[in-house]
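Attaching a single structure in structure tokens format; questions to follow.
So that you can tell them apart, the chains are marked A, B, C and D in the order they are listed, and the count of residues begins at 1 in each.
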């Protein structure tokens, strides 16, 4: 099996690059993945996958950090001018840019799901000749949108995997779902797909990422200890007044924000694990001689466990509302993103490590877990839901060389990682009966 | 009349000094004036004044900054050991140390009231030979209580005036009330006497002070523009926790107090006049390694008008309660004192200035008003109530030499001012028909 | 004289409107008055005034709140496309948009100066049919620039006055200077002209404003008690770090700004007069999950006297630098504007009041002074310099009906006020010998 | 050996209780252990130990949190009235209350050291009948001093161990030092003894504690991960002023402290481990109507490693000094205590665990390490110094039942733990050759 899988993957290497570079060039930020989603859906449809699209896989009310209807409409128009496929667009219209493609083998067996994400970052891409996407003509043509985290590669991997699995359908059992998720940046999209139930029938779940500091040739089979996080915007609404003529008539939104900022950073440390809080952005006021009547804060809390993050968030709410009361201003708190803490299932990780060790020679270093908790990922919503319902889940990282850190305007990666990832994931699918057998005993 | 009044006053000059030094030696802080009040009552009774005492002249619920029952009881015991007259004490027991003495001439005429205050400051007196009270053996024998504002002199002036007026009763008309007020320091006592109605029948009202920076020989006939003020204690009640082991279990009263402190000083300036705010004292926490579970703040607001002070106070309440909410602690706010802004009645001031100019040669400089607003006085409650009910009111200041500023441990004054004050006030009483005549036209 | 002055002014009423509406349509913000200045210079040149332009009347280093060279260059280009006169432009290039026009009568007599300002506000104009400038087609064609304070009218008044005075040159004595100042908004321009010495030879100085709440038909002859002010931008430079991965590596510019904000509002009240402080704008941070590495604060202090404002400013500097030290970030403080407190010269005000009362029947209410201090004006730099060098100065306000408050996007005024102003100012010039006569006695 | 050791220890059980109850009754807080130290020295001297006392074992400049000379003198007098032995007192006078007792066996072998602490807490003891020390008449007779952490027991254990070891001297090798340390509470004393070199010759070091939540019968052989800590007092010196009359003349120490408080709690979390910060006490100001001219803060930082604590402390210093600059006040920072993080030496812990398991049947549960880091201990200075110089060190905890948590006014413990501790420690000394043999290979 390995030999012909090698060939099959080799055959699509160019296609992986083509897909990735196309997605890179037409980078689309979270909830704006209109062009990407229509192309992905079209390809999967051609391959013969059963498709669930848009509102069927996204719970509208669980979406977080959704842009305004006007912004969504404008981006939909933009997508059309960039080649979005009109016939698929209605499914995704209004910020429902998620896809679940299912391959039902008809044979008995567990359900296996792979999740990739499709969104770009709100960032202008570097336009220097040292930056390959620019030098080779596939840098983003959309201002303030850039694939600087590798999700263009993830989407290409998802499509490549779909193609390979279709080729090997006769050797597969059970059902395989490939989940294409919007809006992972800011941890805004996964919850809405998990709430829509897309992993409720899943026995084995795999989320993937490339890079993140893992060296080329290394596979992290189960990245652990993501920090749970809550991301939210706070807007204080006060009352403007001339600061010279009638200072007492104002209600000062900036003072409220300053008090809240100091309060938030001062939330106590938690004795049971790591916690974080940040006020990353504060914009307040309209003019030097006007009492500031509004203030916008972009805030996030994190915790080593969901409980610690919940503690941080509840303290934050008290602080924010108390600061509003202090200045007699109104506080609006809007949830913009969230992720959970999650641990990969140990048996499932062991199985994947065993496969990788034995079947993927390109992987020269196999690491079971990566302990340090620092970032957050909303794939944790899928992982926790899968595990809660009795399944097993993991988060895999494929090492690759980077030209710059994630979220940097010079970010680029060694595209060879895509073929390695496709081969590894296909191997998992093809080998699952071995594990499933054990698993059902 | 002037000549014999001169003699009469001269005859009591020694007595004025004796009284003042006795009160000085047995200094009693606000609501603790048990010894002072019994001696004053006894003297006025001997002179033949009608007396209203304690609860008859003090509205219990309007008292502010009252010490605890235990403290009151302890001080009452202390007073007995220092010569308080047992027969009068029951009237004043429990913090009702006010006296109104009335001389009813039986003749038609307006009611004239004089107000003096009797309380000392919470201060240890200087025990150096440069300080006359110590050098001459009449410095305070009560720790943390010292007459450093001249109220000992005021009380003596009140008694001297009572004695003189009694002598001149036949030349007087209408009714004359002398009000001996407790707890002026911290502006805690006057409201309770005004609320009890002691000036409700008063047509002309005079409050007095000595010193305050006015030079010897000068009389300010109507000190204006006292700042309205509200004085209050804030206690935050949180929850202690070990700062190393379980910091997240605490509810931090000190953080609430720090936030409130910054918020309070940041209350906006008012375009319609002066305002003030101060957090004069903050005491919080019990140990270095314990999350502070309590914090006490001594706060005051002031305003050039009652409206401005009310603005300050309302902002302060929002800030204090909002800071409590920020840290999920409880805030107790306790009113400890208050005074109003007030202006002396112009006609009444003119009349007094005219009298002083013509009849009191010791007064070499007559100033009608003193404009600058800086301090606060609760005599303003009497003034405002008198004016609201149709009467006229003023606040007079008798200049004298001071050895140190008011509220300083070395404070002392030139005792000759007392005779000048008695003579001037008696002259006002004796001359009132001249003014009243005009007044009723 | 009055009759023919009436006719002369009547003859230019249409011209005043034409000028004002042209300046309104091509509104130019402070230091960008390239088109306005070339048209003004050209007109004054045609009239035969001696002109001093640009660097001759503006001290480069005393300019405050100057835009960047790139912005200045871009606006100069924009001005050319809108009809700026190329032959005059070099004088004003680079932000030197000031003009002093002198009419030397050749006759003995004092030097009289009038000052008008030319700049618009950074504001988008209302584009509704209720707003006359839009309805009648002369609303601003420049985004974020609008004459919402009446300076378009002031410039027209200056030109109208120049035309009238030229007609009446034979009846005038001494020298008359008309100062056209840039960048009054934000109090950025006057100091640079005062420092260049443009009023050093002036005996009598008049600055004018229209509106400001003064009713139609009323003249304020000497607006007093402008608040001294200092306007400055503070930028904190810290260090970014990932708020989840390495929070300890950041240096948090936002915390510094929050601390500074609370500190600034908490600067103590001043017992000697009004003070103000405002942090009108705060912008900090780049992303929710990044420790904020920069923060920009737009701050202003004010004081009833220069001393009080200086007290406020010095406290502010301590607070800003201390907050930087607290977070180990760097603070850059950049002066953006300043004005002084100033009082109009009483004799000069009396003279103007007398003239207005007797010679300008349109002025139905003559007010000598307006006491309340609330706003700031950099004409105070001219006033203080004139008075310091022995002259007399005043600030006149011509009442008119407004459609909305100053600085509002719907601001418009009754254009008849312009003719009244021209007539009144011309009358002052023509009548000066009467006052001068007295004055020299 | 075991049998006779059992008997030997049993024989001193009553003595252990007598000692402990005597120390409990005459509880002495840190640096005030005058009576305790003289009794301990006298007993050790009688037993025949070589003694090093006072300045020989305490580096004067390394003492932290030392009371004032006046307080030390007063407490020395108090100690005399309570039975301190005059002949030993001079050694300890002035806050040098440390003792090192050495038993030199004359035989080759390593040096083994035991450390116990002698100080009480600044706490009033509960005086209820439910509290055994009160019910049985040995509650503290010193106000604000109470043995509420078990150091009375530690001292008794140290004396009991000294007596037993002396009995078994012939079976011992090398040298044994018993260190009696003052002022462990507040982590103030150990550094001064470590700096004096008392463990510089030590090969094996053991510090002990009883209780701390460890159940009766359990032994923690090596408590790890103490938090490094720095404890310091901050005093802000500002300038008082009347808050109504001259607020601008004050320099507000309370605002500085409030700013610092918020800044301190806001020091960033550290990605490499736990950190803590607390402002446990803040006392500021003298009167409601006075700008606060002083503020005292009791602060502590902690860190899972010395580096993290150092990071916290350096941030704290910046914050405190920056806050001083903000208000133009002076900050005095005084070191009051410190401890390091430290890990017990694994081999040494293994050896002790092995002994306990096999030789002390009273110990029914043997725990090698206790991971959670929460509190701080200055025994870490001895541990780190021993380890740095090539030795091995551990911190042992003997479980026992408590009547209330440590530092609680109702704290008491099951006194049987003392005999268990003596036996275990004596066993370590007697068995050392077994380990030493291994150790030297």
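Please note the rule applied: contacts are C-beta pairs under 8 Å (C-beta built on N, C-alpha and C of every residue); 3 or more make two chains touch, one makes a residue touch a chain.
Not measured: the values here are computed from a predicted model.
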If you take the chains that touch chain A and keep only those that also touch chain C, what is left?
B, D
Minimum number of chain-to-chain touching steps separating chain B from chain C
1
Give the chain pair, either B-D or A-B, that is connected by more C-beta contacts.
B-D
Chain whose average C-alpha position is farthest from chain B's own:
A
CA centroid of chain B to CA centroid of chain D, Å
53
Calculate how many whole Å lie between the centre of chain A and the centre of chain B, each centre taken as the average of the chain's C-alpha atoms.
69
Counting only residues that touch at least two other chains, what does the list for chain C look like?
245-247, 252, 255, 259, 262-263, 265-266, 268-269, 271, 276, 291, 374
Touching chain A in the complex, chain C uses residues 186, 227, 229, 231, 242-247, 252, 254-255, 257-259, 261-262, 265, 276, 278-292, 295, 298-300, 302, 336, 374-376
The chain D residues in contact with chain A across the complex are 262-263, 265-266, 268-269, 271, 274-276, 372, 374
Report the residues of chain D in contact with chain C in the complex, numbered from low to high.
245-248, 250, 252, 255, 259-260, 262-263, 266, 268-272, 291, 311, 315, 318-319, 321-328
